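In what comes next, chain A is part of two complexes: it sits with chain B in the first one and with chain C in the second one.
Up next, the complex of A and B:
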């Protein structure tokens, strides 16, 4: 044997382990989804019988859709994620711009506070937030589900770091050309931070699409409940453990995110790489 | 293609840029001390100095990107030092060109007009004209990343030109180009400035750029102005030892007076300056004679530079490249008319060389005040 490293022909035990590990993890990850797809598209008789020729059906979806007001839940969730993302982008780009480009007293202390927000588990604040929403008279509104997340420390931090990498001369040039501070943000900083914005948007939308515990606590009616809460109520109160219908409902609620990710997979991965979010 | 005249807003036509008592202090250091200078309308003024001399800071003060600690800036009769950059009626070209990477060439050039809300039809007409003038017509749809350094430079110039503002500031715009392109752009920028009648303020550390392009050079050193003069006057009559030792390649020889005891110099002169090309070997003529040892020879083709040792000092001598091998010692003459005298503080004293260039002195004083 020679001492050359020949990655493709020589047997490499570590490489083999990596491949096996990756496949194993992927399999464990995909199994629940695969099971959900299996049961959702087959009659309930085949919930635990896996034969290749089992008859396919869409009836489960129809029954699930009619069993609970999913249309309303969809609307609520879409309203919620749109509102949260819009508010986050507006508030956090303004804050990040100030942290990145202005000098003002207390700047470092304020930024440290923003960073501390990153370290606090949102669940710790459930009770406090509920009391606040009560005081504001917002209990059981869509606004109340989103409000605690508007000023995202993560978004401020991420955008500040991105803004700081933008060359100072671009800033100077835009000001000489007549930009106001807001014009500068709009015409130079935000367009150049687009990959970061896109990556953050994906994280934010998927997080709030899937968020469960806070919406469960703050909502109590069909008009406000997002999909996750609606789904859990559907799954528990529908008494009978009809897996085929529950999995059909689950697929319905997660389908938009799944389809969206498959469609824009390349763009998402690229902007994650560019934005340095992992 | 070439437009010979253009109109500027009436209130700034014929406006000189006047800086008076300008100081800039940063947290840890003072960048500029009491800058007083007038940069005349329609002229090419170069701020020249080694790095860290405050020339870029001065340009940023004029642009409004920094605020002066004290002092005033006037453009014509209007005081502009408290105005934001956009209200100062000037354009600027940056060292890195500062092109917006997310906009194509046309959008980059039109950035300022679009910010200021210039009507679309007007924008298109001006873009067409400027792009043709700068040779960018075929590149308008490209992104800056797809352009060469020289093309990016042209886009940056076009963005400054299309604003049609009377004052143009440039911060070392040629330092990122290779030598050949730099020589071409020097000529082009100078021609552009003259054609458009721009009041140009150009920062550089490269004396070749300064000497070839400027109507007027402002030499700066350690946050102060050393001298303001035309390139010829600057070379012929440096006002301080710093300027004498900075301008010229190689710069002027500055020799302690004690090393040249035979020389006829004023009592308070402590340093005597003479340019390498003015030292003449082995020839008869006016001026005292010095004997020097040859230390080293640098052959450059057309010229050769000879390093000579005289008592307690070295002296550089420029000879034509055709001169043959040199002996170990040379007899030199230092022509009286080529001598420059400096006092202990480094300021120029009345010198014999003033006679060979008589108009310079009054010119300097007039502009420096």
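Up next, the complex of A and C:
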């Protein structure tokens, strides 16, 4: 807690307990991942036998990779998150700019309607959104997975907050120079909002990389399925698949985000924090 | 002049708002309307059912089970996640041995897909085989099927939810703890104030807004987080781990009873709306703490 500020006494039993508690919790928390890594890198005979001399192998990864079209799933997920993020940044920057810098009738009501989406997300309105996609003829397309998330109330809110902190003198200066509104947004606002964009980007990418229920419902073929759905089908199709292969597939699915997180820990944590503290 | 400004503003807003209305507001309203009709089947069009779907809900044992389960799920995940998140933040806030590792260990589950880690947890719980079972057999207990037994399935799933979200909430507490002025701590140290007293009298009241914020998020998650159910239990055994959102999925996309699924969705949206209203009043009242 706050024990580190106490200057005296070399040995503090409560401090020791504190450190032990912290480590115990951390070990419990990392255990599932550590265990998955153990299983995936060893032959299946060592699934529950822990000896230091167990032979390492990449065979599980190879077999998992070949057992299901993971390359295609990867491509689908990458297409999905890129498309969603690009659309969100473009659409939500425009909307946030209008909310931050213009006066127009109905502004407050419209903004309140935007905020409703923070609570009632498309994730919950599955049945009706499926019907909409069917009407649009988009069922089983990657576009359909992303479309409900393009207009993110969260992104509009976040960017509006950031845009509002930009001094209006910059607007006037740019307008006097003959800069159009779009030019102003592109040259002044978006560059200045880069930290917010990065924060939102990380949150958005990890959310859509991990999203499951909506993609499960709206996709039905290998060409459209993202990794999460592909993995769930792979892991449940038949129970004969060895655990070591399933865990290898699990790690394959999580690897890009996990590696990204380990490399850019600070940015990740700060992004999630910035995006969450409103 | 003013009119031109309006026009520009609406042009900027239009693409986002059209999509927002199309996939949030319109479906919310249409779902409410659909919930008063029957499901169209084949050539038979939907007919007006009045409150039919809702009276059915009252007699539906699985729905009641799902609501009770969801209440238990919320009652466990919310306080446990919040308490663990706070403990984690306190652990790694100051200087401690291996701080970088601890932080990483706590936060990692947040970036992993829940559907993927559900596979790993599934293996943990395997009767007579998984890791828990190995520990239990060392301790001399008999094998137990954690997710295959109605008594334990819900709790097995609950543990995974707590594990996956506590580290995420930790970072909000870390941010809040950073805002506590060091001078308060120095003053307390000079006064000989015990760490526990300092926490109770200074830290806890100061981070109250964060606790509320995190609790609201945990509450929303308690109704939204069901991905792992698909892999681990599929609502079973015998609906023991059935949760509301999973039930909506089952009715809507397994049995294709869209009208009943719409009525269930209305219940869900109502719950979320109540949380939103509660948040508004709670946060509004406590905001002067800052």
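Heads up, the rule we're going with is that the second predicted complex is superposed on the first by the 236 of 278 C-alpha atoms of A that agree within 3 Å, B and C clash if a C-alpha of one lies under 4 Å from a C-alpha of the other, contacts with A are read in each partner's own complex, and residues count from 1 in each chain.
Basically, contacts are C-beta pairs under 8 Å (C-beta built on N, C-alpha and C of every residue); 3 or more make two chains touch, one makes a residue touch a chain.
The model shown is predicted, which means the values in this text are computed figures rather than measured ones.
Touched residues of chain A, counted separately for chain B and chain C, are more numerous for C. When the shared chain is aligned, chain B comes close enough to touch A:174, but chain C does not. When the shared chain is aligned, no partner comes close enough to touch A:161: not chain B, not chain C. After overlaying the two complexes on the shared chain, residue contacts for A:32 are found with chain C alone; chain B is out of touch. In the superposition on chain A, no contact is made by A:141 with either chain B or chain C.
When the two complexes are overlaid on their common chain A, residue A:188 makes contact with chain B while staying clear of chain C.
In the superposed model, A:98 lies in contact with chain C only, and not with chain B. Annotation: chain A has no residue touching chain B in one complex and chain C in the other. Chain contact summary for the complex, chain B toward chain A: residues 60, 63-65, 84-86, 90-92, 94-96, 98, 100-102, 111-112, 115-116, 159, 163. Interface residues of chain A, counted against chain C in their complex, comprise 1-7, 14, 18-19, 21-23, 25-27, 29-33, 35-36, 39, 48, 91-92, 94-95, 97-99, 102-105, 110, 113-114, 116-117, 119-132, 147-148, 150-151, 153, 156, 181, 206, 209-210, 212-213, 216-217, 227-228, 231-232, 235-236, 243, 246-247, 249-250, 253-254, 257-258, 260-262, 265, 268-269, 272-273, 276-277. Considering their complex, residues 167, 169-170, 172-180, 183, 187-188, 191-192, 194 of chain A touch chain B. Of all residues in chain C, those touching chain A in their complex are 5-6, 8-10, 12-13, 15-28, 30-31, 34, 84, 87-88, 90-92, 94-98, 101-117, 119-121, 123-124, 129-131, 134, 163, 166-168, 171-172, 174-175, 185-186, 188-189, 195-196, 198-199, 203, 213, 217, 220, 224, 226-227, 230-231, 245, 248-249, 252-253, 258, 261-262, 265, 268-269, 272-273, 275-276.
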